[in-house]
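Note that subunit A is present in both complexes that follow, paired respectively with subunit B and with subunit C.
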Partner chain A sequence: MRRSLVAVLLIVVLVTLAFAIPAAASSTRRLCARSVALRDSPEGFVIGRLYRPQRLRYKRRSANRRWALVRTRAGVAGWIPYRSLCRA
Partner chain B sequence: MLELRRQTADDQALIDAFRDGDDAAFARIHERHHAALERYARKVLGRGSEHAEDVVQEAMLRASRALRRDDRHIELRPWLYRLTRNCALDELARVRTDSVNVDDAEEWGALRAPAASEPDAVVESRGNVRDLLGDLAGLPAQQRHALLRREVDGVSHAALADELGVSPQATKNLVHRARTNLVKQRDARSSDCEAVRGDLLEAHDEGRRASAATYRHLTTCADCRHFRAGLRATRRAAAILMPMPLMVVAVGLLTGKAAAVTAKGAMVKSAATAAAGVAVTAGAVGVGVQVFGPGEPAPQSATSRALPAGELAKGKQVPAGTAMVRKTVALGRSGAPTVTLPCPAGTRVADLIGARGASASYVRGTVVGVSHSATVLVQPRPGSQTTSAVVTVLCKRPDRTGSIVAGRPQGHAAGGVTLHVKVRSAELFQRPGGAAVGSVRLGQPVRTGGAARHGWRKVTTDTGETGWVRTRVVG
Partner chain C sequence: MAMLRLSIALFVFALLLVVLATPAPAAERFAGITERGQLVGFTSQNPFALTQPKTVRGLAPGERLLALGSGSRGVVAVGSSARLYALALSTGRATAIGPPFAQGLRGSRFSLAVAPGSDRARLLSDVGQDLVVDLTTGVTTDGPGLRRERDGAPLRPAADMTREGSLVGVQINPGVLLREVVAGSTTMAQMTLATPPEIRLGEPLSFTLGSDGNGYVVAVATEMTRDRQSVMTVINPSTGGRGGVVSRSVQFFGRRISALTALGQVAPDRTPPRTRIVLPRQISAGALLRHRSLPLRVDSNEAAQVTASMEVRGRAAGFTFETRDVPGRFHFTHFAFTRREKAAIRGGVGARLRFRIGINDLKGNFRRTVRTVRLIR
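Moving on to the complex of A and B:
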């Protein structure tokens, strides 16, 4: 009885981790701004011009919470204003 | 259904009586239909009832004249709706072009959308209404009627088919085509002038017609029409430069100086070819890569950390040590094209200034501040009909530290040293292991004041961002 209870708990924990870890690492977000410049750094150079609708891999938010580090479908990573992303 | 048939039969009897000279019969027609027609007109007009009444009066006047003009069979009710719709559209067009300034029409309910509380949103909303009216007026009559009856009046396809005398499937096609045309028209209006001109230049060069999207844009853009007229004038002028061999030979035969005149013709042709060659060399022709070096007028405005003033207005001289390189790219259906733009000798890739008409980004191998040429992946905007895009890259000569940031102090901070990023890309952290504040890229010069913690180093980038990177990132 105790052994089966442990097994069930273990499965629940594993399933939870399997879903939780990728979600925390990155997620797919849509671009809501009409157009936005993709920069190599928040204060850096423009390395791309993106237009909506476009799906982006959202990686993280800057310390001042104004910028988002994203990766385009073409594999280019850069920073865009966080508010240009659609709300999750 | 039975009621409708009975009403139709009554209408036919009233038409016959009116055509026989009984004016009271028309008064009866008016009494029977005017309320529904006013409701319909009000929906089309979207504003005050006094205009709806005027529209219905005008429609009734036209109906009375038309009914006595001949004896053809008329389905009265749908026919009156069509008349009312035409009169309402005439009224909208009159309002749009003559009497009411949309920008001043505060009483327009449609312009007071709840979401449009911000001034710029209100202006945009008014512009959208103005453009939509223009697009509706430009639709073929049947498409316009079908769309308005479906969208505004909510009429079923079966009833609409009855009105128009076509099958329900045909009305669906009409509404579908009308919607498609409105979308295409809106896209054409919003497409970038640079991209349209690029397409015109390519079509001109290849001796073919420009795309349908370009022609749609031309109907709404006077500047681009002027540009096309300029292209045609240039072609005519160029034709004058060309020697006409048959005429030259004829003149030569007549004067007995065929050899001399032919030689002269050859010289004229050579001069024209040479002039064209110079134009191409100078980058004056829109096909291929164009380079705008220091002192030349900038082809478009730009904002960049690589520019001394941080920005450059269109037409102003490109500053020393910088260049703008651009190319028009055809957007085929076969996938996203890449285009390579080489920077002039001694300069490095800086900002991607513009990719008008498409999404674009440097491919992974292109590194800002390091690469001598930029390879750009260009992707058509989803749903866009644009067939070409103009890609522009800013190039900058690096300073002695390798930075392409303009106006940066050349000296180092006291006790600090300049290092360079050794990895392709790394993140800059607020504190070791903390939140990210930015990124650094391969070859980027960073200044370090010596602050370090186990495996971490505090740096300031040439763009002024300060943060921590792992020690192995710089060297």
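Moving on to the complex of A and C:
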């Protein structure tokens, strides 16, 4: 009984880990600024506007660490100032 | 008890029917002129997404279109040679109507105010030129000029004409809405215009009244890092307050628009873009890391954003995206890999590289495709 329980737990942990590895590249963050322009590159063209509160998939930061690459729930990607995101 | 269940089921069914039967809100369709003088089309659903820009043919050498209007004979335009043109939107062909205006043109920003179905227009400029234009013959007569009701001060709005024939216009910095007190009186009442607080607007300014009852103000966002982008704000033309859907009260163009006119309502776009994706069967890991560009090519029949996520052996190996405000080909250059992604690519030689490609037309329509290629040394 105990052995099968351990086996089930192990499978659950392994499956969770397997799915967690690709997702580790991005995390969910909230927008803290009232509104912010979503740009196609850091300091590039504005492609949309995001309003608080909005949950975003945070991908990574720019080389100068001022910009964050995010993706909206509608699937649109773009750069916003990193400081406009709420602290993780 | 059974009766209660039946009532609940019927209620849910009725609710579903109501939701499904409610028509999706229509979008306003526009024709616009870019700062390079090309003819584009877009809708209020997202003005960022333009149709393929067309070069206007039939103009004098070096001539540009300065103002657009929509009247009894379809879309008409005024060219920089002080001439009225009939404009065929499908072909981009301009046909001159009558001789050049005897008065010439004065100013740098013009608006052609036409009531829907009317054969007369008012051409107004930013330095106060006011011409009455006969859209059938192209003949112009001097207009009386516009005055503020309160103090008689001259006004120079970007304007359009209501169905009843009264002028409605806007000025920016400070933002004011101007409405003719009585149709044809040329005296205008002034109200505060709800401009977006977070964006400073600048010239060129244009204004059109939509068939949906909203007013559409297009101006350049001057405080952006790059000030070559126009924004569209939707206003209530009776009060000057915000109109339309609040979350869409400010929408960006990908470029500058110097003139526009509303063309009526269309059904909202609910279909994802049609695309053609080209990927080689195998990709060299070395070349990928060295050239920092993806050998991926996507052709789209609409303006869109294409995202590409790469995975190798279940590990994230890169993410990039490209955005175009017109239909065409997407290339993926200037790819920046993180250290972890580089390691995933180097360690994935011989494995399958999986591409998750998302194509979003920026109007809420999305298509996803998964492709795999072999990653070689």
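Criterion: the second predicted complex is superposed on the first by the 64 of 88 C-alpha atoms of A that agree within 3 Å, B and C clash if a C-alpha of one lies under 4 Å from a C-alpha of the other, contacts with A are read in each partner's own complex, and residues count from 1 in each chain.
Going forward, a residue touches a chain if its C-beta (ideal position, glycine included) is under 8 Å from a C-beta of that chain, and two chains touch if they have at least 3 such contacts.
As the structure is a computational prediction, the values presented were derived from the model and not from experiment.
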Which of subunit B and subunit C A:Arg71 touches, first, second, both or neither: second
Subunit B versus subunit C as contact partner of A:Arg30, first or second or both or neither: neither
First (subunit B), second (subunit C), both or neither touched by A:Ala63: both
Touched partner set for A:Gln54, first subunit B, second subunit C, both or neither: first
Doubly contacted subunit A residues - partners subunit C and subunit B: 40, 43-49, 51, 60, 63, 69, 74-78
Footprint of subunit B on subunit A - complex, ascending: 38, 40-51, 53-54, 60-64, 67, 69, 72, 74-79
Subunit A to subunit C touching residues, read off their complex: 18, 21-22, 24-26, 34-35, 37, 39-40, 43-49, 51, 59-60, 63, 69, 71, 74-78
Sites on subunit B touched by subunit A in the complex: 304-306, 336, 350-355, 358-364, 366, 368-369, 377, 379, 381-382, 404, 425, 427-428, 430, 434-441, 461, 463-465
Subunit A-facing residues of subunit C, complex: 48, 198, 221, 224-226, 229, 247, 250-252, 254, 305, 307, 311, 314-316, 319, 321-323, 336, 338, 340, 358, 360, 362, 364, 366
